[in-house]
Amino acid sequence: MTLEAKTEQPVVVKQTMNHPQDSKLKDFLSILMMNKAAMVGAIIILFYIFVALFAPLLAPYDPYEIKLENKLLPPSADHWMGTDDKGRDILSRILYGSRLSMGIGITAVIFGAFFGIIFGLIAGYYGKWIDSTIMRIMDILLAFPGILLALAIISALGPGLINVTIAVGAYSIPLFARIVRGSTLEVKRLEYIDAIRSLGANDLTIIFKHILPNILSPIIVQGTLRLATVILSAAGLSFLGLGAQPPSPEWGTMLSSGRDFLFSAPYIAIFPGLAISILVLGFNIFGDGLRDAFDPRMKK
Amino acid sequence: MTEKNKPILEVKGLKTHFYTKRGVSKAVDGIDFSLYKGETLGIVGESGCGKSMTSLSILRLIPSPPGKIAGGQVLFKGKDLVAMSEDEMRKIRGNEISMIFQEPMTSLNPVIPVGEQIAEALRLHQKMGRKAAWEKAVEMLMLVGIPSPEKRAKQEPFQLSGGMRQRVMIAMALACTPEVLIADEPTTALDVTIQAQILELIKDLQNKLGMGVIMITHDLGVVAETCDTVAVMYAGNIIEHASTKKIFANPRHPYTQGLLDSLPKIHEDKEELQTIEGSVPSPYNMPAGCRFASRCPYQQPICHQQQPELIEQNDGVKVRCWMYTDKWADKVVKEEAVK
Amino acid sequence: STKSNSSNEEASKKGGTKQGGTLTVVRLSDATKLDPHFITDIPSANIIYQKVYQGLVVPDKDFKIQPLLAKEWNVVNDTTWEFKLRDDVTFHDGTPFNAEAVKVTFDRLLDPNTGSPQREKFAMITEVKVVDDHTVQLLLSYPYAPLLSILASQEGSIISPKALTENPGKLTEHPVGTGPFVFEEWKSGQEISLKKNENYWGKKPNIDRVVFKVVPEDTTRLAMIETGEAHINDQVPVTELERIEASDTMGLYRTEGLAVEYVGFNTKKKPFDDVKVRRAISHAIEREAIIKGVYNNVGTLANVAMSPKVYGHSDKVKPYDYDLNEAKKLLKEVGYESGLELTLLTNDRKERINMAEVIQSQLKGIGVNVKIQVMEYGAYIEMINKGEHDLFIGGWGNATGDGDYNQYNLFHTASQGPAGNHFYYSNPDVDQKIEAARKETNEAKRLNLYEEVMQMEIDDAVYIPIRNYEHMAAHSKNVSGFWLNAANYLMIDDVVIK
Amino acid sequence: MLMFILRRLMQTIPVVIGVTFVVFFIMQLVPGDPAVLLAGEGASKETIAAIREQLGLNRPLFVQYFDYLMNVFRGDFGVSLKNSQPVLDEVLVRLPITMELAFFSIIITIVLGMAAGIISAIKPYSLTDTAVMIVALLGISLPSFWFGLMLMYFFSVKLQILPVAGWDSILHTILPALTLGAGGAAIVARMTRSSMLEVIRQDYIRTARAKGLRERVIIYKHGLRNALIPVITVVGLQFGALLGGTVLVESIFAINGLGRMIVDSIRMRDLPMVQGGVLVASLVFVVVNLLVDVLYRFFNKRIELN
Amino acid sequence: MQATADKKVLLQVDHLKQYFPVKTDSIFKPKAYVKAVDDISFHLYEGETLSIVGESGCGKSTTGRAILRLDEPTEGKVYYSGKDILGFNKKEMRKLRGDLQVIFQDPFASLNPRQTVKQILNEAMAIQDVVRKPKRMDRMLELLGYVGLPPEALDRYPHEFSGGQRQRIGIARALAVNPKLIICDEAVSALDVSIQAQILNLLKKLQNQFGLTFLFISHDLSVVRHISNRVMVMYLGKVVEIADKKDLFDTPLHPYTRALLSSIPVPNPDLKRERIILKGDVPSPINPPSGCRFHTRCPFATEKCKIEEPALRELDTNHLVSCHYAENFQ
């Protein structure tokens, strides 16, 4: 076998691109940057992350310190968002709470995504009875109205941050599984999967090296949108008294305990409510932006 | 074909550009041609050279934004379509100029019975009543050779095969007996035997109705069999335009030559096929000179400096190449090329 | 005797009372069953008690026992009580009320086959003897001082013998008693309606009808009162006090209750089996701050696990004072000066969670690290029934208003676990005294016994008394004449709707 | 089509059985003993044991479950531990209420959502579009119980134009349905918009233009019907979310619905009621999904070919 | 290179059937099947190019996939070098896959968009373990040389190449494991004519160089004529004709082959041929017509064709046809 001297000189389309990995990322980022909404979303999220990281530095007061003599102070120069019914500074609690609420959200989504992805991949890749069995089980999970499932799980495991996380995460499993299965079916049909199969690759390699990376975009989009929902669900559980344990400054708990003062000291509920809404808003518009950025039609 | 002295459709210096975030893509960059009654004009060229955009520009259907007709005229019976109001344009679309699209699978509305899709244009343009329009639609389906058209008219596209759907498209385009029919790759999605049926059908109908047809394709075989004249496009320009016979017998432009040479010939055996090296320039970044220059076996400095014009030769063949001008240094090569 | 600042009682007295109208009462949860022998929860009892059903006797506003279906009674001997019954009473189904009805009712309650969860409260009754048509005797197995208090409670309701013999099962959903209101309809989960008893033997109510609606959300209930959609809301969050008082459409009714709230120790569990640890923690909790800060001064500071309204209460018994130094000293003595970790269990009632948070913050002061564990009621009960908890916030309802129901259930060794002794406290002296008090018919001696027992319990630092309940009701300004008795039953005989 | 429905109905059987199974065993995990809760304050161990015996809670779990399942097939859902009423009666009282609530909510979701979506899609990137979409995003981002209480505060307490709570007249349905439907409406609005924009890019819209049709005809006749297909799916999924959301709304507005019943029953450890409630709720969900599929097929018969 | 009778048979396909179940609405109706490939037999000589032609959906790809066991065939036998590969277990099959490679139609879909060319080629070699690690780099450069791509291409991602170049990457991947047989499923159909010519030239060159055997699937008869030694025509899951290229193009014996050949538009306006225009559409493979499957569209069909299914018979040396009246066209 000799290397032929006369090779047709191929034309490389983009001569300038020397770092494809960078360029891909850059491409993606530039599309994202062009999407104004997504940028707004990203800024909101980054702001929250910043707050979560530096809460101890930013918070003017100890979020846990009870000063009953200070209770129910309206917003003022000392307490920008007022104090709650135990005299704790609401601003400080919200700042610290960002860790919990985002923590719950992110962990729950990761939890849901993890199992959802595995089930979805297996169902989509193997098909047949494995598929129907897994998807029926997912249907069962889905057939429970979400909050009831969470309720059941929390009643079983007891309330608390971790269990709330598991509960709201669990409901995300079938949603991720569905999406992943759908995308897997789509990608599975692509010729490069057949190509790698005909090279003799085993199933694990195909699933995790060739299918998974190529279905990440719908997963990521779903993930950010789910984050929004999950944070709201966690708040809803707090409303039913099944949320985080006191005195955690988890926003949902703050919000739902604030509802007793909705008419007399509305700021107790308004600020955590706003904190949740804006974060959820951030994730929603960021997710939408991501969806656009991942949309192949937007690429060229 | 009988060439009446006055063309029914005349495209002059048509430019369609896409204004995207990456820059301006000059998809159609100065196109001129005329179409006469009863004539079939073929437009060929490789993928992405601007064939579809040319046809869409004529009907002002380019996706906008980002596309825009950046210049030129499209004279239909003397009136400039580019300058027309949207209302006037609507009266022409589907009525006097119709179009058959490439993809029969996606070009029909999936949720509306095909009969209705034909009839609605009739009601609109011919002011027909509901019943009359329906009957006419069924008649059109019969005309394009769909068996039991009454039944088929009530069905939705998914219930028809690809060939039938393409016939529906044709029936739809012809329902208002247009004067110009633009067929954008009407058979690429179809099997050869079905393709033969469809091409035969278009030819038949053209003979019956006497309309001018623009046949867009990249299949030179289709062109050879159906067209009177051919315009060869390359990167947004027409680079050669002549009667079909002349082009196949004696291609002038090096690109046309290359294209014909790279076809495997069904009736001759050759071990190796000719190829054209290199690739099409990016529509965002067109070279200053001839757009084919970098791939051209005959390239000369001038080719890279200035774009040649589409010039009509003595025998009526129009070609856009420096070789056929006085500026060409090496006449011998030119002679050879002509041969 | 009540702290009521509302005008509702006075209002009913002056001027011509207006007749008719439907009273709407909104409440947190629905009734479970309406058969007095099976009711175990206040929301159910509240529907029927003194409205549909009546007992032989009834507590008045000061929780003193007064005659009702029995005109008079006398204690024949230590174990024999005789009751003279009214002769002008008929049940809602037309059956006349007589000694037989009393017998049939109690026989059913005492029959083990009935399976009534209330049977034990009446276990000392060996026989119900019909002396004549309107005289009945209760024969006891041992002297039982608080007998009248249990007869006055909802469990002592007298049920129509006809209903009882014909279809006892139906009583669960359709009560038949002698009271001023006749059961009308129960829309499960939604509302229960009663209508005026036109044949009532006593003073007939002013209103035509009363509807008890289930409205689970606190805010919503109050909003309904505020807009006049409902008249009475007898479960008001303490935090809304000011708002109600400031409102021009709402009035607030407050009255002392029988219940108490306390922080209990699991005395079986390390390190709370050491009395010093319990005392240290008792010294470290500033109870006044809780009453003010958490309860908004609703209710009073408790000195023992028995409310002043309960028979047997003594204000001589003094709990541990707030003394951090003493607390630290005690902890040091038992080797916890470097800190102590404990879990404080509470159910998910808002005020209790708040209390837990405050306690957590207070105990930080002596280096005790508290982890709060909030559990939904069912799980909470299970946890304390199994004795897996450290410290818990508990309360005791004292439905009968008698000290025995309090002391025996909470502190007697036999009551450990589900019966009420979640401290898992066991002290033979205490046991013995409680038993003695139960049988003691001499009031002074009896009161003395309770005082001694309670002092022993405080000495053992079994619990930290926090609060005597105060019941509140928000009402629309156009109703008057209702009151809450100390057991938190809503009394509506005299209600007038403007 | 009928066959399709039949087959899908058959498929729901294992799902529903699975649901009962999961409920049953989850409820076993839940700490808290129904007998203790029923016995009430101060009940002795003997009393509790007697109640347990009476309720048949002493039998082995699998026997209990199996009996339950068999009874369900016979149409007997058992009786509530709490008030001894037949579970089916209790469920059937509440089901119509919840369905009514869900129905009004989904109507709000659909009408409000689609209208907003179409308004947005007709002039994409315009001021109206941006405004509508911002409102929609806010709608998604508000916690529903919070939104509900706010609505109640303004419309019932402040303005006093709507009743606070209950479920007696059409006026009573407005706020709960709005609370429950708003989030979904926002989602549907966004879905409708993007689906419309997607459809407008399709080849057949170009075909319609090439026929010389008016823009209005193109949007409503050729665009909307196709754009609705994904919207239907979303509405179906939304209905599921909505059923879950009824719990909160029913609590806030004191509506005697299924969701609240289930929550209350979980709190009471009233297993038969929880079972019955969840069973019916999931059946409803499954049936709604089936309905969505049927509609989906109706609008998009092409998928029958696959 | 000519395929002669004494050539070694590399691949033998015997009575291959591939049925795909289709969903029916009814639970009572018997299951329906797409009879994508319905009992076909043929063989492939070492070093030759056999083309399969036929209309869309006639079962060309399915045949290729069944041979590769990308879908498990319903029935039949496939012998590779005399061994029945359908009986192979997973491990044996994985090993065999080094010998059988495939090049797909869509140059955009056949490469993992997230792998660089280097990763693609490296993985292929690693899976089959054909080249030791240290030598892989050299081998990759060599492969790129064969298919005419510059070494810089190694670090690029597929989306940075044109369609023709991607197809070259696909070919390099197939070559990486030293295959004996390559199945080209519409390997040039998606390409523009000029690029198509490049790829066809490349395939021929590689075949000469390495003695490869090609199973070339296409519906473009001019391409097929250019590249093959023998041609097999399929219609609705059946083989209707197999012959040496020249025989087939010069004397097509099956009416379908004749219609197909006459339907191809020829890029020569002077050549006026008599065209056989078939009526109607291709029937559904779920309910194929009785008898001869082509009879619904055949201009010469008789009653016999409706009832009796013609066998594939050798009418001339190496010229097999399945038509009752094939003799008439000789």
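All chains are identified by letter, namely A, B, C, D and E, in their written order; residue positions are counted from 1 within each chain.
Everything below uses one rule, namely that contacts are C-beta pairs under 8 Å (C-beta built on N, C-alpha and C of every residue); 3 or more make two chains touch, one makes a residue touch a chain.
Fair warning: this is a prediction, and the values are worked out from it, not measured in the lab.
Comparing mean CA positions across the assembly, the chain most remote from subunit C is B. Across the two interfaces under comparison, A-D and B-D, the one joined by more C-beta contacts turns out to be A-D. Subunit D has its Cα centroid 53 Å from the Cα centroid of subunit B. Separating the CA-averaged centres of subunit B and subunit C is a span of 91 Å.
Between subunit A and subunit B the centroid-to-centroid distance comes to 49 Å (mean Cα coordinates, whole Å).
One finds 32 Å separating the Cα centroids of subunit B and subunit E. Listed for subunit E are residues 162, 198, each touching two or more other chains. Shared interface positions of subunit B, i.e. residues touching 2 or more other chains, are given as 275, 279. Across the assembly, subunit D contributes residues 30-32, 149, 153, 157, 251 that each touch 2 or more other chains.
The residues of subunit E lying in touch with subunit A in their complex are 65, 68, 70, 93-95, 97-98, 100-102, 104-106, 109-114, 116, 123-124, 127-128, 142, 145-146, 148-150, 152-153, 155-157, 160-162, 165, 168, 170, 173, 177, 198, 209-210.
Those residues of subunit A whose C-beta lies close enough to touch subunit E in the complex are 1, 3-4, 7-14, 17, 20, 24, 190-192, 194-202, 205, 210, 213-214.
Interface residues of subunit D facing subunit A in the complex, by the touch rule stated above, are 11, 14-16, 18-19, 22-23, 26-27, 29-32, 137-138, 140-146, 149-150, 153, 157, 190, 240-241, 243-248, 251, 259, 262-263, 266, 278, 281-282, 285-286. By the touch rule above, subunit D contacts subunit C in their complex via residues 30-33, 36-48, 50-51, 54, 82-85, 90, 93-94, 149, 152-153, 156-157, 160, 163-167, 251-254, 256, 260-261, 264, 267-269.
Taken together, the subunit D residues at the contact with subunit B in this complex read 201-204, 206-214, 217, 221-222, 225-226, 299-302, 304-305.
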